[in-house]
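Some structures to go through are shown next.
Next, two complexes with subunit A in common: one pairs it with subunit B, the other with subunit C.
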Partner chain A sequence: MDASVWRRLLSAPALLAEAAVLLLGGFLLAFWYAPTDASSMGFSQKIFYFHTPIAECALVAYAVAFVAGVLYLRQQDAKYDRLGLAAVRLGLVFSLLVMGTGMIWGKAAWGTWWAWEPRLTTFLIACVLYAAYFVVRSTVEDEDRRATFAAVYAIIAFVDVPITFFATRYLPEGLHPVVFTSSGTGMAGSMLVAFLVSMAGMTLLLAGLIRLDVHVQELRLELEEFKRSLERGPL
Partner chain B sequence: MSLEEAVKFVAGAYGVILAALLVGYAVAARRVASLTRELKGLREAAERRLERDRDAVR
Partner chain C sequence: MARRQFLAILRKDLLTELRTRETLLAMFLFAVLALVVFHYAFDPRGTLDMTPYAGGMLWVVFLFAALLGLNRSFAQEKDEGCLDGLLASPVDRVVVFAAKACANLLFLALVQLLVVPLFTLFFVQHGYAGHAGGIALVVLLADAGIAVLGTLLATLAVNTRARDLLLPIVFLPLVVPLLVAATTATTAIIAEGAGLGAIGGRLLFLGAYDVVFLVAAYGTYDYLLGE
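Right after this comes the complex of A and B.
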């Protein structure tokens, strides 16, 4: 495939359309193809097919913000600041969503809305840390300094992400089960198919939303620039 | 947990996701509408400016 086809496939509208198809497919597979979980979770396990991909995407978004932060500090290019801002904004939205669906699933599976267990606690810390990213941005007026502060902050805040990811594996007192291990997934093939389709859909949704967010930021900048040039002198 | 109870929780969780999608859509629509408004304002300002410049040349 030539580059223009890839560009079209990876444009924000195309990514969002692909995500919609895959998410709808994942939803249908989760409810009509994958069997009901045989463990004590029963039907409430259906939440897993969207809850887990949303959680993974939140962490991926924070990883994107981390990489964008590193690239900004190395190259001082404002496009990485815009990418970092979009990634943190969407990571936070996905995090809040995962907290919401997780609380509902927690009530169904463990009988409680909230427990101070490692995964939940570290995820809550991530939410607070990344919410503070916007406070950091709002306190600095100069654009370059703001971008530098935000990049450094995104890099530091990322420390919590691997801790959150590995919390269920290395901190034994957690309530979250470990589904994916080196010895296998511990779920039926049809469940895995539904999960992977939802995961692919959610990843494309995140990518499409990040691209859209960056595009809107760039449009706004162009408009501002145009407005300034209009005020300055003759056309 | 009975199936009826589990269905309520699953519907609640997917309802939260759907609500988030709708809110996201509304926010995106608002941002696009605001950009369109700004663009319209700029186009009008540019036309006024062009008219003024033409008058000055005449």
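Right after this comes the complex of A and C.
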């Protein structure tokens, strides 16, 4: 395939359409193809086909913001600032969804809406952390400086996320080492298929939304430019 | 050369503070008041043993006292145009950062030196003198992290429109891991008499946190100070 075909496949509308197909497929597979979980989780386990891909996408979005931050600092190109902003915005939305679906699952599994579980706690802190990204942006007027500060902040924030997870998971236990007990890595084949389709769909959704967000930002810039040229009056 | 510049900036910060004593006094008074409020919030009748909560109370106080100091450390520079002077002089940005971070570390440590005995008097019912070394190590490692991250973010905050309003918003979520480690380690020492071996993992974590953000600060500080 030549480059133009790829470009068309990776445009925002195409990505969103691909995501819609895969997510719908993942939904159907999760409910009608994959068996109901044999353990005590039962039907509530179905939320994992959505909860986990959303969580993965939130982290991918933050990683994109980190890379965009580094690239912006190196090249001072405003397109990386727009990419970083789009990524953080979507990372935040996905993080809120992670917490929402996590709480629903917590209610079903543990009988409580909130537990200080390391992953849930980490996402809570990530939400606060990345919400502050927008406060940083809104308090700097100069465009170059705003982009620089946002880039620095996105870099530091991304460094902090895994550290927070580590701290909430391993430190409070104190003397006793935590032994990671995986709850069923032996996922049934049909479950894995449904999960992977859902995961791919969610990732494409994220990619499509990021592209869309960047595109909207570019259009807004063009509009500003156009308005300014109108104000200057006819030549 | 860098060493002399570093010492000059550090000396300037210490001298300004010693002449006015504004920041240190504010930090200390805040800490004492917070301890009083903790008493009335958690144990107004004075009948409970508060040692299991010692770490949490102590680090909340330290963290907010540090915020007071961090905000001041750059607000003054900015108001008097001193920062511009510093940047115009042929000094490496990293040297400015190191000196400011050290000054902030010293201020915080000084306040802690006064607050920890008071805190012990108020809330801890059994002696832990044998573990003073462990406490000192935890405090020192956590302070280093607070000073490094705090100085980095204070520089960012002071250059925005929100100024001192922004610092807590960006600083507090980033410092959560450090807070978890320092709090649990302090409580383990004071309440359970844990030795260095038992909190070794957390000390290691605090040290790693310091190093990670030192590297992050080294990589990004130039950009924050601008041209």
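The criterion applied here is as follows: the second predicted complex is superposed on the first by the 208 of 235 C-alpha atoms of A that agree within 3 Å, B and C clash if a C-alpha of one lies under 4 Å from a C-alpha of the other, contacts with A are read in each partner's own complex, and residues count from 1 in each chain.
In this text, a residue touches a chain if its C-beta (ideal position, glycine included) is under 8 Å from a C-beta of that chain, and two chains touch if they have at least 3 such contacts.
Fair warning: this is a prediction, and the values are worked out from it, not measured in the lab.
Q: Taking the superposition as given, does A:Ala78 touch the first partner, subunit B, the second, subunit C, both, or neither?
A: Neither partner.
Q: Taking the superposition on A as described, I'd like to know which of subunit B and subunit C A:Thr101 touches: first, second, both or neither.
A: first
Q: In the overlaid three-chain picture, which partner chain does A:Ser44 touch, first (subunit B) or second (subunit C), both, or neither?
A: first
Q: Once chain A of both complexes is superposed, is A:Leu196 in touch with subunit B (first), subunit C (second), both, or neither?
A: After superposing on A, A:Leu196 lies clear of both subunit B and subunit C.
Q: Quick one: classify A:Val135 as touching subunit B (first), subunit C (second), both or neither.
A: A:Val135: touches subunit C, not subunit B.
Q: Who does A:Ile54 touch here: subunit B (first), subunit C (second), both, or neither?
A: first
Q: Which subunit A residues lie in the overlap of the subunit B contact set and the subunit C contact set?
A: Residues common to the subunit A contacts of subunit C and of subunit B do not exist here, since the sets are disjoint.
Q: Can you list the subunit B residues touching subunit A in their complex?
A: 1, 3, 5-7, 9-10, 12-14, 16-17, 20, 24, 28, 31-32, 35, 38-39, 42, 45-46, 49-50, 53
Q: Give the list of subunit C residues in touch with subunit A in this complex.
A: Residues 152, 156, 159-162, 166, 169-170, 172-174, 176-178, 180-181, 184, 188, 194, 198, 201-202, 205, 209, 212-213, 216, 219-220, 223-224, 226.
Q: How about subunit A: which of its residues touch subunit C in the complex?
A: Residues of subunit A touching subunit C: 73, 125, 128-129, 132, 135-136, 139-141, 145, 148-149, 151-153, 155-157, 159-160, 163-164, 166-168, 170-172, 174-175.
Q: Could you please specify the touching residues of subunit A with respect to subunit B in the complex?
A: The contact residues of subunit A facing subunit B are 27, 42-44, 46-47, 50-51, 54, 93, 97, 100-101, 104-105, 107-108, 209, 212, 216, 219-220, 223, 226-227, 230, 234-235.
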